[in-house]
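These are the structures in question, set out in turn.
Two complexes, one shared chain (chain A), two partners (chain B, chain C).
Up next, the complex of A and B:
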């Protein structure tokens, strides 16, 4: 009957046909990671109306929040739209229900990454972080440019001190991030 | 004379070093001493780290907070991304004992000192406004920028989330407008002034065309008014506007200046120090 029958947190069959089976644990997972305000959303759409990314793409943040509430986990996790948010916080500032929307987007991204949906570009830059402690590579012409401004050729950060760099890389490794980017995404 | 640990981050020192040299000189002239801390790493940026694995984001941010703690200094940032990560992590860890204990376990296991939960993180615009003050800045202005129309781009992670930052109203702020107008220049109002540049949240890396569309929308609003420059307080927004205008190949191009470089002009600093030759959109002011 309804392929994606949204009938609350029910699952199973309707008139002999199987219907979409929501993952009841999904909203709970978000709540447990700090997104308690997820359940407050009453679908007014202020967030979508404020979203700079939604003006350029098909990304609808209100819909994503609704899917999350209903436990439509596989669609949220595989969604390309999940990665369209610039984390500008406009929606979170304006939400009349105080839903911490942007923080919840980041939590859902964490869950998507755990499910194997890390985006290729992020695997690449994440790799720089795990290798150097910085997100960008330092190249020869930039070192020259720095010198021409009277700055140290190598920025005075962990890039300039092997021992310090080792420590931060250890911390990154300890959190499992180094293996995570090695594994990559789908 | 106040002292801060100068947090460099990634984009400024490795893409727009002119912002770094300008900041060092401007703060020196205003009597703020900046210290380099070779333990500092990436903040780390929320788009790529907090979105991917928030435990990593918090641990690396805590590492930077520890580095400042060991130097006995509070942090000064000149980037909204660094501010977003470090100020929010500090807010979390300085108020939540469980989170602090959790992160200290990671730090300890990796061989690091523990974080005591006391480091403060300051955006340099706030230091300029609150600590140095507009009067002291006005005294330093040698080259009045009268007649220059400045389109200010606040960026997102400077004032938001406002519940954490508690600095200025994120919909109608004044802080940067006042810091700009003290030079004699005019801050011009424009449509959707508070809108995002489009780069954040890993969008520039993942879907650059989407990021660029947002940038273009904002630039179109600038075309509706008379703007001479775009002014930012974030090297990443700076990069998005500067490179973005090259990529969009627009007819009207707006030079992009970080507040430090803008003050460099007003203070009549040696132009070579400002690093305009490293910009994609020529700065010819």
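Up next, the complex of A and C:
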């Protein structure tokens, strides 16, 4: 029989095929990190119906919540879908069970990154931040454009102030963000 | 802490509670594993055996079983016991059982006491056996202290008026009235609408049998209207209900109908009338005249004038109806009138209201004409409705080709509407889908959007299968939104079919919102009329959810129909018959015994100050403050709240079975507890004690901090009690009672509030931390609030140091004189102004007898 685990069930087999191994601690991790409403969901689908992203893509927010409830961590963390949410909060606004869906998505994204599933674009942009203290790199065309507008080539941010830049970079490093980005994505 | 140190007395002038010395038996119950699972009952029983005056103590598996009760009887005989303590469940459950047991063995049943070690202990400390066991010992010690001082009492009997009042004339109220009337009792039915019939009269067909609703209801309505034992008060409201079980007096407001009973409902008046208003019975889908009859089958069959629509009572303004009526039944001079009736029992059948779907903006109900609710649908398919039974789109009056039903609108939602399931909507929609099939065949496409179909009743699943076999599509998913397609009023639904994981966008010509039920909007008024309780959902709370499902917590009051919770017609009728039977039992007996817990005045000590009479909610105390005659209690009117006893500064009035000495005995034993986070808790029988029981039944875990002392009303808690607890060394004290407007003794808990506020002021002045004394209003349904309060208080208790306790003791000793001291002095003075006697009495008081 097909067994899911949420409280002590072992992973099961379905028609001879090995299925996902549930990690019973996964829903608990989400709960502990603020997603206390996760277990309330009764899968009515109001969220997916409300989801602007799901109307254009194969993203099904209801399913993501279901995988999370069942502790199928891999299915959530490694999923591209996790990053398809635009965090518009419509689902959370309409959920009849008061599940804080969008907040839970954010929690799961944090867990994904910790588990090494950082998206390539995020690795890149995070790299800039860790290196310069600035999300966007300052490049030639931008500098030219600034100059033509009568502005300084370098904006008055940490880029223009070495001392402050060092301080910011230190904060980024101390909080572990630099290492997180270095670890990158799988 | 012992009595010697706090300077107050336990025995009144050393008077022994009874002539004979106490011989106490303690029976500790395992309740299977309910108690023994988390309390070491053997050690509790062993401990009980060491307590003073306990001559027998033991434990049993099930004390309430026949062998358990037999053991109690045997031990009473064998050991000549004159007092018994059973440590088991809540006295609200089994006190009557064990009182019967000890009575059979020849004991007075008032010399029995229960220690609640299940709801208040084992069930709420499931994982703390040590703490739970210690607490159970404390509770037993408190019960033993009380039982030692309990006196035998004689109960009085009260006559029960053999007339019933039924509030609400829907199908439940009609059924209850008919059952009682057929049993030979007089019944008054009060209905706020101009006709009886309620919601059932508006519905087209009923599930699962597909009977015509009004066809099966109308005969019952007319039977009620013609029954010699039934008096209908339609277009009327209950203004007030005073009194107590068997002897209620209700004031009923008859609102002016402006049409007399001479009306033959010929309709000539309405033909003449030119003023229009939306027809309430058709939920505004049609109009009616200012003079109208709600519907063809209305009972009484009598017209009524809606004065908000009528041009006015001045015949000069219009008066066309008056001219048209040959019977001269139109009386524009008619006034409201109030009638007073005496009844013995009351049945509350006030029904429900329907959820207002305009609260869900994404469904645009009330904005898009073709989004309708279930009740509107019922009127549209009803032959007596505005379209003569033709289902049409309100936007273009044409029959729709596609209809969608959306389930759970306003139900099972923590956000929009109510968290509970409304119980009838699934089956109602299934029935409606079959009605459409019946009228329009398969050409009309029907989709039902749902999250769970609850077809749990007899014949329900069959009906569900029939609907599926008829090609009605059930799609599992709740639509996220409805938008109107420009130009043609079609309604576009976006929904995930959750079984496929596909997002569907579908257009329909009509959408029916399957709206849920909510507590009647005037339920709060009815609640206050009868001092009932309501659950967090707003429905009336029953005395016991399983075993007294139609009894209200107020004696002599019964509940039926949707007033108690959402239910279908069959369940409403079943419950109505049950309520009628329960009321009939009382009235058939013609009398009821009342508990011997009324107040008694000690004329020697009474100073005729009149304070007791002032706080008595029932005006049951007579005192002439000018002539200085002692106070006198009218026993039949006394309800036994004990507020007078708490108010008297001289201890001159006491409540039987809840005397100062008895309660102080409990306080002293509770404060002798070793628990460092002790929360000495006073709880009233009806709400907060029941709320604590509810926490137990729901297994809400909390620290084993509370030691609960039960009184009938929080109004019984005197300033003395609270200060005695603190003087004894209690770190915290909690006073709890019914919510202010829900007091079961009219408003006695207002005195509780006053006393606690007074104490807080004193604490401020004396420098005692105010948060150590808490006041919490906990209803019988608020187990969670009790849990929260105790948990919080236990935390506060832990912050109270031994030094602080010592300081508190000193402060109280310096600043406060306890009643017992005053009593001793007063008695000594009366005894003969001998200073020696006064000192002796004082010394006696100090030692505690």
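We adopt the following convention: the second predicted complex is superposed on the first by the 166 of 186 C-alpha atoms of A that agree within 3 Å, B and C clash if a C-alpha of one lies under 4 Å from a C-alpha of the other, contacts with A are read in each partner's own complex, and residues count from 1 in each chain.
The definition used in the following text is that a residue touches a chain if its C-beta (ideal position, glycine included) is under 8 Å from a C-beta of that chain, and two chains touch if they have at least 3 such contacts.
As the structure is a computational prediction, the values presented were derived from the model and not from experiment.
> Once both complexes are superposed via chain A, do chain B and chain C end up clashing or fitting?
Aligned on chain A, chain C fits beside chain B.
> In the overlaid three-chain picture, which partner chain does A:45 touch, first (chain B) or second (chain C), both, or neither?
second
> Would you sort A:95 into first (chain B), second (chain C), both or neither based on which partner it touches?
After superposing on A, A:95 lies in contact with chain C but is clear of chain B.
> Scan A:63 for contacts with chain B and chain C and give back first, second, both or neither.
In the superposition, A:63 contacts chain C only.
> Return the chain, chain B or chain C, that is in touch with more residues of chain A.
Comparing chain B with chain C, the partner touching more chain A residues is B.
> Could you tell me the angle at the CA centre of chain A between the CA centres of chain B and chain C, given to the nearest 10 degrees?
For this superposed arrangement the angle is about 90 degrees.
> Identify the partner contact of A:109: answer first if only chain B is touched, second if only chain C is, both if each is, neither if none is.
First partner only, chain B.
> Could you say whether A:55 touches chain B, chain C, both of them, or neither, answering first, second, both or neither?
A:55 contacts both chain B and chain C.
> Which partner does A:24 reach: the first (chain B), the second (chain C), both, or neither?
A:24 contacts neither chain B nor chain C.
> Mind working out whether A:36 is in touch with chain B, chain C, both or neither, as first, second, both or neither?
neither
> In the overlaid three-chain picture, find the nearest pair of C-alpha atoms across chain B and chain C and give that distance in Å.
It is 9 Å, taken between the nearest C-alpha atoms.
> Do chain B and chain C land on any of the same chain A residues, and which?
55.
> Which bits of chain A are touching chain C when the two form their complex?
It is residues 40, 42-51, 54-55, 60, 62-63, 94-98 of chain A that touch chain C.
> Write out the stretch or stretches of chain C touching chain A in their complex.
Those in contact with chain A are residues 362, 408, 412-416, 451-452, 476-481, 494-498, 501, 503.
> Under the definition above, what is the set of chain B residues touching chain A in their complex?
8, 10-11, 13-15, 17-18, 20-21, 36-42, 44-56, 59-60, 63, 106-107, 109-112, 156-157, 160-162, 170-171, 194-196, 198-203, 205-207, 210-211, 213-214, 217, 272-273, 275, 278
> Sort out for me which residues of chain A touch chain B in the complex.
For this pair, the touching residues of chain A are 33, 52-53, 55-57, 83-90, 92-93, 100, 102-103, 105-107, 109-110, 113, 118-119, 121-122, 124-126, 129, 133-138, 142, 145-146, 148-151, 155-158, 160-161, 164-165, 167-168, 170-177, 180.
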